[in-house]
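In what comes next, chain A is part of two complexes: it sits with chain B in the first one and with chain C in the second one.
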Partner chain A sequence: MNITEKILARGAGKSSVSPDDVVFAKVDKVMMHDVSGPGVIKVFDKLQKQGISVDKLWDPTKVWVAEDHFVPSAEKVSAENIVKLSKFTKQYGIEKHFKYGMGQYGICHTISHEEAMVMPGDIYVGGDSHTNTTGALGAFACGLGHTDIAYVLLNGQIWFKVPETYYFKLNGKLPEHVMAKDLILKIIGEIGTDGGAYQTMQFGGSGIDEMSVESRLTMCNMTTEAGAKNGIVEPDQKVVDYLTQRGATNMNLVKGDDNAEYSKTFEFESSEMEPTVAKPFSPENICVVREAPSVELDKCYIGSCTGAKYEDLEAAARILKGRKVKIRTEILPAAISIYQRAMENGLLKIFLDAGATVGPPTCGACCGAHMGVLAKDEICISTTNRNFPGRMGHVESQTYLASPLVAAASAVTGKITDPRDL
Partner chain B sequence: MESFKKVISIVTPLDKVNVDTDQIVPKQFLKLVQKSGFGKFLFFNWRYDEQENEKPDFVLNNPNYGNSQILVAGDNFGCGSSREHAVWALLDYGFSVIIAPSFADIFFSNCFKNGVLPITLDQKLVEKLLRETGVIEVDLENQTIKTPSDEISFEIDSYQKKILLEGLDDISLTFQYEDKILEFEKQSKVPSVL
Partner chain C sequence: MKGNVIKYARDNIDTDVIIPGTYLKIHDYAELATHAMEGLDPDFHSKVKEGDFILSGKNFGCGSSREHAPIALSHSGIKAVLALSFARIFYRNAVDGAFLLPIEIEQDAYDGISEGDEISIDVSVNEIKNITKNQTYKMKPFSEIIGKIIAAGGLFKYKPDQD
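The block that comes next holds the complex of A and B.
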């Protein structure tokens, strides 16, 4: 069995599983946020009306809650949702509720690794499509809708169809100036936005061995944009060290068998990658940066679970150090812990000296919610994950998806710029 | 949830691939959590202009399709965000059947939680249905689609078929067995507080 099959088999209490088996598996961790949470509460209300008891959760210690999409609240509906969420976690005894304005908080997927909420080998589900991100720690991580999350909260189990696995063998260390974002855009460009539909996308090879945990998180985060059920990387010492630094102990590293089967294998020469962008209006619409259209950019957005981890901010700072931005540039660290490190290590000063604005952790304009959404005809270069029409604001705005290095280099010139050409 | 009955209606053709959930319900409506009333936000940016006037060239604004309950679309329908609001909006608007060559995983699963039938059909058959102007009949029990000129059969997982036909969802289905679950827990040697 491969790693995904092994994790699902363990959760289902079976000695082995194969692709297409439907298994009922125990969930180890479940997450909801300020959009899926109120949706779940609504499902609970409906069940209660049907006479079904929703008095207690299966295990409140395995549930954690993030506030990220609409925080800090810009208007009263969002504010009320946060109040609802707080009442819910209090009522059900959920202690791991990361509240904005009260110490550590941030984008749910970022909290999952920053706070070591998810361990290698876990079955982890979240009420958000980018839950796939956390598969980079060697867990089975996937997104679910509100009803499914409500079900898991009450029962602690859910069914899965064991996915087939596409194995992506990445050969060689990424060149300087190329980041995991460039590579995953390239992969999505090759296989298409439904190229991984219902599949596991597993990454391995020397390209992954050389990659930091945070880069692997970027890879798995964007498997969602290829339609994958989950993205995953076999855990190694880097994952152990990363989680140990964040207080984790007793990790159970699940790896695939030597004779693990994959329904397809793809090879990418990661050592030969070039800075890449996805043009509007699809993550598969890629080109190398040096062939990107010569458009006048209006904004640069460095944020989100995809592109505002510490490593991402450090990359942007390498470019922005001693330079000035030519277009509006917003940088939103994805969690308070990252914000703090950025402050301690002088990154915030570099950003402010360059003329950029630094905002609080939030999904913000990545999902077009608030904090810098785009106007009609505005063009943005962004370290986020989706560029569908209207994703970041007006339906006639445009977003180019890029790595933090490319985004920062473009902020300096006002045009889509290869960092090597600065 | 209401049990799924035969659906007899004309089809609304939405000849687009990769229709993502941001297009189905834009983000500004996600703060709302009531399940009803989302129909007015369905395909909001395609249906209305800046002043919220209807755009006449968008298919939902064509009065001929006013009572349609069947939406036919291209590959990878429902991709993107996991928002269940997308299914709520389709259902509230009046669509209870979505036909496409392929669906995004989370959207597909969300349909069954809300009494919407997603049907995966071969690309060629979908193309034919996109051009179908007559009334068609979708019969879940017999897994057939009858058009004025054809009868097409479709595949569906037997469990998913059952929950739609009986108007169940996973949660109410589990609670049908509540007595047995409680009995099992009583017999269990491990104290339930653990």
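The block that comes next holds the complex of A and C.
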């Protein structure tokens, strides 16, 4: 069995599983946020009216809650959602609720690794499509909707069709000016936005061995954009060190068997990658930066679970140090812990000196919610993950998806810019 | 099930156009319905009728996991979405929450059915009839688990132990 099959087999209490088997698997961790949480509460209300008991959760210690999409509250409806969420976690005894304005908080997927909420080998489900992110720690991490999350909260298990696994062998270390974001955009460009639909996308090879955990998180994050059920990397010492630094102990590193089977194998020469962007209006609509259209950008957005981890901010700071931005530039660290490190290490000063604005952690404009959404015809270069029509605001705005290096370089010139050409 | 078709002849209709991100804070189902398909078709709300179907291409419902998407369509009156393929979270949200039927079709149905056609769907024999054009097409059968959850009326009513 491969790693995903092994994790699902354990969760299902079976000695082995194969692709297309349907299993009910026990869940180790479940997450919801200020959008999916109120949706789950609504499902609970419906169940109660149908006479189904919602008196207690299967295990509140395995549940954690993030406030991220609409914080700071955009207006009164989102403010009320936060209040509703707080009442829910209090009522059901959920202690791990990362609250805006009370120490550590941030985008749910960022909290999953910054706070070591998920361990290698876990079955982890979240009420958000980018839950795939956390598969970089060697867990089965999969996004679900409100009804499914409500089901998990009450029953501790959920059904899965065991996916087929596509194995992506990445050869060699990424060049200095290239980031994991460029590579995953390239992969999505090759296989398409349904190229991994319903399947596992597993990454391995020397390209992964050389990659930091945060870069692997970027890779797995965007498997969602290829339609994958989960993205995953077999855990190694880097993962152990990363999680240990964040307080984790007793890790159980599940890896695939030597004769693990993959339904398809792809090879990418990561050492030969070029800076890449995805043009409007799809993450698969890629080109190398040097062939990107010569558009006048209005805005640069460095934020989100995809592109505002510490490593991402460090990359942007390398470019922005001693330079000035030519377009509106917003930088939103993805969690308070990252914000704090960025402050301690002088990154925030570099950003402010460059003329950028630094905002609080939030999903914010990435999902068109608030805090910097785009106007009609505005063109943005963004370190986020989606550029569908209207994703970041007006349906006639445009978003180019890019790495933090490319986004920062483009902020300096006002045009889509290869960091080597600055 | 019988109704008229609203056709979007394109692939990759994502949840950001089915229900734009700014409405994710809303959990009133009727209010969500007033914004359904707003990112692609601002006239949708005024033209959709109870019992209508949506017909579209590949990878319908890709993107965000928002259950708001099948909710907004279902509370607009849409009983089924017919598509060449579906993104996974939209598909399971539609089924597990019993909001609407995601019907996978073949190219003949996609090409043969036009905007406004009256069709009937019989999932017991995996058949779609185009009443307007007097044509019949096959739908792809539901997998076993999906069929059972649909028959039960959603995940919460499905009892896996009784299998």
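Annotations
By definition in this document, the second predicted complex is superposed on the first by the 422 of 422 C-alpha atoms of A that agree within 3 Å, B and C clash if a C-alpha of one lies under 4 Å from a C-alpha of the other, contacts with A are read in each partner's own complex, and residues count from 1 in each chain.
Just so we're on the same page, contacts are C-beta pairs under 8 Å (C-beta built on N, C-alpha and C of every residue); 3 or more make two chains touch, one makes a residue touch a chain.
These numbers come from a predicted model, not from an experiment.
When both complexes are overlaid on chain A, chain B and chain C end up clashing with each other.
In the superposition on chain A, contact of A:Lys42 is made with both chain B and chain C.
In the superposition on chain A, A:Val77 makes contact with both chain B and chain C. Shared-chain residue A:Gly227: touches chain B and chain C both. When both complexes are aligned on chain A by C-alpha atoms, chain A residues 22, 35-36, 38-39, 41-43, 47, 50, 52, 69-70, 77-78, 81, 127-129, 143-148, 150-151, 159, 193-194, 197-198, 227, 229, 282, 367-369, 386, 388-391, 395 touch chain B in the first and chain C in the second.
For chain B in complex with chain A, the touching residues are 18, 20, 22-23, 26-28, 30-35, 45, 75-76, 79-85, 87, 102, 104-106, 109-110, 113-114, 159, 169-172, 174-175.
Considering their complex, residues 22, 35-36, 38-39, 41-43, 46-47, 50, 52, 69-70, 77-78, 81, 127-129, 143-148, 150-151, 154-155, 158-159, 193-194, 197-198, 227, 229, 282, 367-369, 386, 388-391, 395 of chain A touch chain B. Within the complex formed with chain A, the residues of chain C that make contact are 12, 14, 16-17, 20-22, 24-27, 39-40, 58-59, 62-68, 85, 87-89, 92-93, 96-97, 143-145, 154-156, 160.
Interface of chain A with chain C (complex): residues 22, 24, 35-36, 38-39, 41-43, 47, 50, 52, 69-70, 74, 77-78, 81, 127-129, 131, 143-148, 150-151, 159, 161, 193-194, 197-198, 227, 229, 282, 367-370, 373, 386, 388-391, 395.
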